[in-house]
Each structure stands twice: as C-alpha cells, then as structure tokens.
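I have placed the structure first, in the form of structure tokens, so that the comments after it can refer back to it.
Going by the order they are written in, the chains are A, B, C and D; count residues from 1 in each one.
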C-alpha cells in the first residue's frame, strides 16, 4: 500500500476542479510514491465550497486558509485562489513548512514574486508554479529534442497566445480588467505562459520592447454572476474603466542571442486557446499549437533537401514523454492531462527531496519579463529585464 | 447524497482501465443520479487483477464471472473481456437482471449478436454497446446538425479507419490474427466503429461490396508478453498463419439512397487512430478525424458562394454536446472523455428506465453489415445486408 | 534559332485556352528542341473561333478538321474537341502521319480506345493522352520516390476525385449528363484521371467492384448558353433525364496485390477540384491533393519512431521534377503548369523519336477499367478488367 | 485589332523573366485595351541579354538604359534592375514621360523614394511599384471583405515573412548582404512586402519598435556565379562581413489604433516563401499564407457561436477578384499570376489616365516605415514613422 499524502486545495473554481481531478487521477496512471488524499477544500462561499468538497470527495471544508496551513495533517497546499492572494498564501504555506503547488501567474508584481521565492527558499520547502503547458507531451518532447541538439543553434522564437472570450463590448468589467486584481490583461494571464515556455525551451530573456492596446475602454459593471463570463449577465446599466491591456505585442532578445516575438490578445476572433510557438534553429524547426496539443510540427534540415517538410508528429507513442501512461498511439489526450503530469513529477520531487520546475524562482523570472514589458510599453523604449529590481 | 450504484468490471486490460477511469469521473463532471462504486474487478490472472483492483479502488476481486453476475449487490456489469466471451457474458448478465455496459465489437458473429440482443430484450435490462466515438462532442454535434436538416438530403458517406501498429512482419501472431478469437482484422475491429458512426449519422446500410487483403500471411508465434504488442518480443522462431484481413475496403448503398465507402487498414503507415469520415449533403458537408477529435469541418452551402469554405469548428464551447461539463472553449478533451459521456447517459437511462444507443440491437445491425462484407469478399458480388440471417 | 513546329489546335473552349497557353510558354521555360507555332485553330462556331485565333495568335482558322489534318504544314494535332469525336480525330490524324496530343478522357468506349491505339501504332506516330496531373511536380516526385523504393512494398491506394459544380438541381441537362456524349459522369470524367494516376504510381488494375448513384434524375433542358455551366440559364421549362452517374465509388485489386479505392462525385459540396490520393507502403506513405498541388505529404517509416509524422514537402525546389524551370522555392505554380510540362516532354519525344506517357495504349487500359466499373455496377459483382474486350 | 504598346524591360534576371511572362500573357487572359509588345530588353551582360531577348521575343537589345528611355517608341519602362539603380531609372523614365512599372523594393532610402515620387508626380506619368502580393486573388478578396465592413473594427495585424535560403553559413556574401547594395536584409526585401500588405489592408503605420539580428556575421566572398545562390559556389577562401539583418522583428501601432507585428527572417528553416498574415476585427478574422496562396481563412463572428470556425475559402471562383480570367473553381493559380493582374490594371490605368496602387507615393510610405524600424533598432526606442523625413 502506498503512503497517503494529504492535500489542501485552496480555491473551488475552474482551477479547483482541474487540480482536484489531477490529484484524483495521478496515482491511477503514474507510478507515484504516494496516494494523494483530498483532505481539505478551502473556499470563500459556503454553498459552493460544500458542493465542491462533496463532489470531489474532500474530507473537510474550511473557510480560514491560514488555519488550514497551520494544521499538522496537511502535506501539500495547492493554491488555486486569485492571483492577488498568491503571495500571502505562498509565504504562509512556506512558513508552515508545506510543499506548495501554486497556480500561475505567480503574482501581481515582481516584488511579490521575489518575496514568495525568498519565503520558499528560506523554508526549504518544495514549490511548483503551475505553468501547465510545459508538461503537454508534445512540448516536453520539443524540449527533449532541443536538449539533444536536434535544432542546432537556436535563432528565433515566435510565440503567440490568442483568445477571444471578451470581445463582446457587453462582457462585464470583471476582476480580469482591474489592475489591482489582475495587474495585466492577456500580458499577465497568457504571456506568462508564453514566457514560461520560451524560458523552458530557449533560455532567459535579456531585453524587451512592447506595445499594449485596450480596444474597449469602458465595460458594464458586473452584477451577480458576472464571473460566469456571460456577456451582459446581471448588467446594472453602469460602466467602469478597463485598466489592463486587451492585447500586448512584445519583441525580445534572449541572453543566448535568440530573437523573439510574443503576441497575445483576447481580441482574436476564433482563437479559443491558441497557445502557439515556432522555434527555428540551424538544424531544424518546431511548431506547436495547444488547440492541436497532441501534435508537434518538426522540420529536420538534415533530411535530404527535396524531402524536407514539416512533419506532423502525433506525440502519443508510449515512448513519448508522459504519453505512455495513458492510452495507445493516436488516442489523444486533453487539457487536464498536463496537470496530472505535473502532479506526478511533484510527488516524485517531494519523495526524493528534489525540485521541480517551474517553481517560485521561475516565477520571479517570468514576472520580471512581464514587468519589463509594461515598462517598455510605458516608456516607449527597449527595457533590459535586469532593470526590473 | 447520491444513491450509490455498484459496478462489476469484467476485464483488467487497456479497456478495463478506460472504463474504470470513466466510472471514477462521471459523477464529478456530470450531474448524474448515481455515485458509481467500483465494487468487483474480475480478471483471469491473479496478480494483474489484484493490482488493477487496488489501483482503481475496487472493493473486491473475483475470478468466476458467472458468480459475480449472480450477486445481488451488483447493479451494472461492465464487460471489457475479449470479444469471444461477450455473448456468454451478456446473456448471463441479462438473465441475472443486470444492466449491461459492453465493449465493442458486439460479437464474433451475427448469430451471437442476435442471441445477445434477444437475451437483453427478454430480460428487459438496459444494454449499451460501447462504440465510444458517437459521444465525442464533435460527432454528437455532427449528429445534431444532420438532425436539424443542416446538411439537407444526404448524398455520400466516406469513412475510413486506419492504423499502423502491426505493419512490422515480426509483430507476433496474437489473438488479433485468429479467426476464432477475433473473427476479422480491421474489418471487425475498426469498421465496426465506422459502421456504427455511419448508421448513427446516415442510416441503415442496404447492400455491400467488399475486398479484403492480408499482406503478411505468416507471423512469428508469440511468446509470453506478446500481448504487449512489441514486435518480436518473446518470439519462438516458429510462425503461424494469419487468418484475418490486414485491410478491407467496402462500398455500400444505404436504405435512404446514400452512397458509402469504408476503407479500413492496419497497414497505413503514420495513421495511428485515424477514424475519419466525410459526409456530403445537398446543403452542407462535414468531415471529422479522431486524431483531431475536438474539431469538426463544416461547409455550409447556404453561405454566399464566394465565402464558402470548410469551417474548422473547435467543438469545445459550453453549448456543444457534452463539452460544457469539462473545461473552457479551446481547452481540448481526449480519448477517454467519450467513455465518461456514455456512462453519464447510461446512468440517466438506468434511472429513468429509458434506453441508450447503441445497444445490443444496434450490435446486431452492425455485425450484420460486417458479415455481409465478409460474404461479399468471399463471393465476389454485391450482398444485401438482409441476406445475412 | 530553334526549328519551328506547326500546331493545329482542334477546339476553342476551356481546354483550347489551356493548351494554347501551354504551347505559347513551353519554349520560354523549358529547353525544348522546337519553337511551337500556333498555326491553325479549328472550331465549330465562327465568331468564337476567329476571336480565339486572334487572341492566341494563330495564323489561320479552319472549320473542316479533316482538311486540317491533311495539310503538309501541320506537325502536331492537338485535340481538345468533345470526347465523342476523339476517336475519329485521332484515327484520321494518325493516318495523316501527325503527332497526336489528345485531351482526356481517351474515348467513349473501350472499342473506340482500341481503335485509336491501333491507328496510332500502325501509323507509327507519337501520341499523348493529356492526363495532366501526372506532371504536377508533386506527383512526378511521388513517382520518383516510389520508383526508388522509398515506399517499399505497396499496400494500398486510396483515391478520390470530388467536385460540386452540378449540385444545384436547376443546373441544366448539358452534354455532361448524356450517355452518348459523355458515356459516364464523374466516373468517366474524373475517375479516368484517378485511374491514370493509380496506374502510373501503383500498377495495373486487376479487378473492380463499383456502385453508382444518380441523385438528381431529371434536369431542366438547357437553353442557349447552358454550356457556361450557369444554373438555370436559358432554362426552357422542360426537363430531361440524366443518363449518367452523379457519384461512383469503386474498390479494386491491382495486379501486384495492392488494394485500392476510388471515390468520385460531383456532389461533394465544397470540393472544387479535389483530386486526392493516399498511398501506403511498407516503408512509407504519401498523400496529395490537387487543391494544394505544390505540396506532397510523406511519411518515412525509417525515421525514428518518435519523430515520424507526415512531412509537408513543398515541391518547389529547383531539384524537384519540372519545378526548376519556373520560379524559386516556395513560389508555387498552378493548374496550367502541368500542361507545359507535358508539352516539353512531348516535344522531346517528337525530336528523339521516343514515346511519352500516358499515350493511346494507356488510354485503352484506363477505359478498360472504367468499363469494368460500369459492368460491375450493372451486374452487381466483381469484374476482372480482363473481361472487358 | 488592339493598339500596340511598346515596352522596354530593364533587367534580365528572375524578375525579368517573371515580368516578360506577364506582358506576354496579359492580353490573352484579360480584356485589356492594349497588346503589349516586348520591344527592348536592356541588360548588362551581352550574352545573357541576347539569349533573354531571343527567348522572350524582344525585337531589340540595349546596353545603355538612359538611351532606351529617350526613345520615342517606348511607352512603358519596366524596371527589374537592382534596387540601387531604381532611383536613377525611375527619375529618368519620368522625365522622359514614360509610364513606369517598377519592381520592389522602391529604393535604398527614404530620400531616394521621395525623389522618385516627386519626379513621377512632376512628370505626370503613371507609376506602379510591384508589390505583387496585393493582387493574389485571396488577398484582393480579403481587401474587398474588409472594405465591405465584414471584419468590423480592426484590432490586430500579425504579419510574417519567412524564408530559409541563406541559412547555410557557406552561402556566399552576395549583394544581398551589403548595406550599400541592399540597404537591409529581410527587413528591406521581405518586410517591404508585409508593410505594403498591411497598409493596403489595415492603414498607415504610426509608430514602430524593432529588433534586428545577424546570426552569421562573416560569409565567404563569392566567386563568379555566386549570384545563383548556390552555397559555396566559387568560394575564394576569403570572407567578408555581413552588413544587414538576418532577421528583424517589429511591432507597430497603426494610425487607426490597430496593433501590429511583423516578423521577418531568412533563417526560418522549412519556410520557403512564407508570406503570412492574420487580421482580427470585431466581426471577423482572416488569415493567409502565400505558400497556400489560393486559400483564404475567414472566421465570421456573426455565424452562430457553435458553428463558427475558420473557413478555408478556395479563392478560385469566377466571381473572386481576377480568378475568373483563368481556369475553373479549384483549378489553382500560382506565383506569376499576380504579375499578370498588375499588368492588366496598369494597362487600364494607362488607357484611362487613372492611377494604380501601389505606386511611387506608396513606395515613400513603405520605405519610411522600414527606415523607422532601422532607427528603432539602432536607438532602442519607439520611433514615430513621421520622424523619418
């Protein structure tokens, strides 16, 4: 019998569901050293929290997160609460000696991220920041190819993260549009993922130029239920000011000389979760799109010239990263599987006392790049990432 | 608290895993009237069965399936055992008054399928045959569009189901190649799915012409472990005769005048689980490929002529069939999700005393078409499906 | 200065234009031994013919084709007249000692095709049948790869040729629907191309099973101008019977054991000129679609398993067949270019006394397969191609 | 009989061929008011020029371009000579009262472009700058849709122009790498096209941020024949410095508030002539890629939400821009066709005394944006296009 490991999940929304599902599945599909137990569900609204806890089989509910962290019987704190409370929660969890599994983006500012990383470091606890796309099999396989030198010297990164869910001007002014709650729009929410992937696959970003746009400057104030993202729902007739970007385009230099671009937008009609990248190197090229997450495009420049072409690799073989745990070749996996992969790696790191990436240190670096982009947009000049301190 | 419903899963292989996962998840994502309980796992090899049962949280293991069916505390019998035992198991389960959830293909022959359907009918129990692809959201959405008349009069069905996992001549002579265990090759295994989809989306098949090919006629006899599908593993040096098709191409007329084609093969290099169809009608066209299961291609002939083109619909909206239960638009689902959808529908039918499709009656119709194809191939003539009795 | 070679073009329609354009261009882009001269344009309607001749720079017009063929100053007879006159024209041209460049399909029947081939053979003149798709660079490159053994043992051919231009029931009853003028519908018009490609790439067809459908059985009689393919134009209010197939699906065995399918239809909404094939062999797979004619999909099974995927090869390198004569890599060519390629090869064959494929002998074989398909459809049984005599 | 119009083509290379082909074809496919006559071919190398002239049927050759322009019997001067001589040639041609058809990019600098535009304006002659991609049917159709308001308010432009022909470090130091001959690398050569398309489809660029990279800083000095772009050909063993960018990424604001990105590179393995854009607006989205030039991706946000998807429109209908002049739906055209379209429009403008776009005024605006990008890259700040004077 496996050892049990107790988890507190802090948050009951979309991400609470995705994380609980992951903890439920990880020991079924991966040979992990623990059997995760969904011990405590923390929420802010009582009815939702009770329902959530019952559905997912949590033993208990709780409404004071700090107290949860102080319990001796909690091993892992899984933070899926709003970004604005990440810092306080991570710092507290670290001080309580808990392993921290935290949803992205790390924080609302560089200062917060630094504080979180310091707390985790000082406490010596395991931390993980859930930039889940790293563990999509196709992306992990891309990483493997790059590390094996299959792309040669890297030249360019072309990233994009496009969605369209707020294009309706009647979509209400939810927290996503407020600077103090979200810090940024797609720059913060989506480019944080792209920057994570770029750091993972390419290396550190050295300098940034960015331009931001807000296309719809006023939106209806939300009524109750606006968080469900239904345009016009509960509208009160009043409007408020959008304080973040609707789209942000950024170009970068990496420390290793690679040239990069990052286009992100929530105003790209037809793009639902279009997390995309192209990588070009001296020996090959790669392209990936989350909407076809099981496929990796690969061009091998060492193939005979007349036979070169982007290969559409189905990354579903048992020998591809993570894929063997699931079904059979061609039996594609979906969005939530990458969460399970992260949990498997997290549990292994917990057992061995190792680390896992990305973690709070990575969070610092990612937020630093985003801050640099904000500064570049404001000051209309190239900003070195190291300027952000 | 939901009522509990007890399930016995008969089989511990790939499909045992897929089904157990489904039962585990269904009440988490769908508003079903029951909480499924994995009560008994039946297997033939003790070690595998114990490990399987423990991993998935079954309360018990069992090694006599008939006895399991006679237990009063089992509500649903989920059959994921080899096809050759489907008939006996389904008949017994029906006689024991159990609801039957049975993996495809229904049976090894038309006679068996008829017997199964009769038993289920006589017992008045709920039955379901797991042609899972019907409940992929994109396919269910295709059905909805057709039912709403969006395609107008239907003209053609072009189906294909292509794989490549046995192309290596050293791949051993597993049960898949034996007539008494598998009845057919891809015709039985894969075209059964295609025929199910065609009956679902188009209608009944009236007549069939078919040609079959076996490209590799002798294969190494398998040693232990051959079932893991690893070429050459455990080879003994001896070879045996392949008794089924490696590829089968079939053309059909449907009762409603539609013209159909069904190409299936396990010798289609690069196709991993390429379950594909195109449908053409007077008002529109559809195309779908399981390898991109979240997408449906749709051509609306009522769009202005110069603006017509196959639309690539991401079938991941909350308003698309089944999709709202999962994540968010563009957050794609995978292979196993369709199993969960079937279980949700099954539990609702169980509660209401309704039916679910496809069921054992559908199994009869599907096997009848496959038998007609075998007969056509043997007799080198067009065979009316009604000739199979 | 190159030698001049005099050409008579017999026909002034869509194909007259495509051929004249080809003759105009061939010596500009290819190093051919002759400078083609557009000497005589033959037509049946005087105004059209004069206009056509003037536009394309023909020296003369003519209204008696037999007389044209008897002229000493004509070297090449280019037949772009309706299929029903192909036989008489080819036989006469051969008897007059002219090199024959003839549009497809060869003839209305096997008997006609045999007579044409015999006439050409007896006269010892060069003949070419314009199944133009062979000389699309991507197709010629596919041929090269197959000949070099890159696909290993061939297993399957999956061909399709789909269009949608007559789906409107008000599209008038033009010659395309009359048995004595067209012999067949898409079977004759489009599958003749597919069969040509299959014979080129795979080998001879041995036996055939086919089903045909006519979806719209009566159509308005055309008024003047119906030939312009505009639905309803000039409709008289009367209707007549459609005598040919609207769609024909066919499955085949090839002499070399390959299994084949050929789906053709003019009722496939959204498919404009979808001439498609997939080829599967023991070492690799190919796929091609005319609508993306510059691309060839190639799967190399000798790539490492985890890196296999269909490569999308842009067949536009200077080292790809024919492609070097045109622009630069990635600078795609179009429909008419394959005509120029055929003319270049034709002029070389004319100079050297060699042959070119496909020719009238190939026409016999192609028509024989189509006749077998008709017979199979009528007699509802598998028909050996050799039965057609 | 049409009036003849005499053309002098100045240059005999790749573009000389493309332009001569266009003049040869334009009156065959379009109803233009003139019959173009290839009167004089100007070149610098005698053998090449004579061969070129003979092949394309020029009446004469010439080796003094200024003299050619002074001839009374030349109506149109078609400049396909290196960019560095564009200014002198255009100014002279204008002064001689000739209509000017000039290959892109307009000039090596903003100052040159201004001088060219002024000369043309003062002389009152027709001018055209051959940014050919505007007249690809799919692009012209995109323009039509935008003008009709089908995209609503425009939000984003995502452009890219990627090639890979100089990735080999042994590719010699041809004129393409010298600042005084080419001014820039892909920024000048390729982004000039992208900027032209963006101005055509979106509007004027207001400000620019750019980063440039040179990945290979030294290259072998070319021997004779290096211009043929064959790596290593004629290498002398010496190397020289690359003076231009290998890749340039740029982000922009447009006057109308649209946010833009332009990525260009000659180091994008597998991209041959990947001239790509995406456009997002409040009512719809478009995407286009030259490598599939006959297709336009269109997303209509006014379709029912569950049926939305990028439509792949084959822009080959007779009712699509320019397409009706060629073949039939689905019968795709190629690279050179857009040249013919430009010539057709040019001849109409010549006849009517009208104008055609893009012209020398557009050249000024395009070069101004490119200069702003250079300045931004140098000064590491956002540069307003209006700063370039």
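What we mean here is this: a residue touches a chain if its C-beta (ideal position, glycine included) is under 8 Å from a C-beta of that chain, and two chains touch if they have at least 3 such contacts.
No experiment lies behind these values; they were computed from the predicted model shown.
By number of C-beta pairs in contact, B-C leads when B-C and B-D are compared.
Look at the contact of chain A with chain D and you find the same residues on each copy: over half of the numbers used there are shared.
At the far end from chain D, in terms of centres built from Cα atoms, lies B. Averaging Cα coordinates per chain places chain A and chain B 35 Å apart. Chain centres here are Cα means. That of chain B falls 41 Å from that of chain C. With each centre defined as the average position of its C-alpha atoms, the distance from chain B to chain D rounds to 54 Å. With touch defined as above, residues shared between interfaces to two or more other chains in chain A number as follows: 271, 308-310, 314.
Contacts from chain B toward chain C in the complex involve residues 153, 155-156, 158, 160, 167, 209-211, 213, 215, 246-247, 249-253, 257, 259-261, 263, 265, 267-271, 278, 280-285, 299, 301, 308-310, 376, 380-382.
Looking at the complex, you find that chain D touches chain C at residues 1, 14, 18, 20-21, 24-25, 27-28, 54-56, 163, 165, 271-274, 290-294, 314, 316, 326-337. Within the complex formed with chain A, the residues of chain C that make contact are 141, 295-298, 300, 303, 305-314, 317, 319-320.
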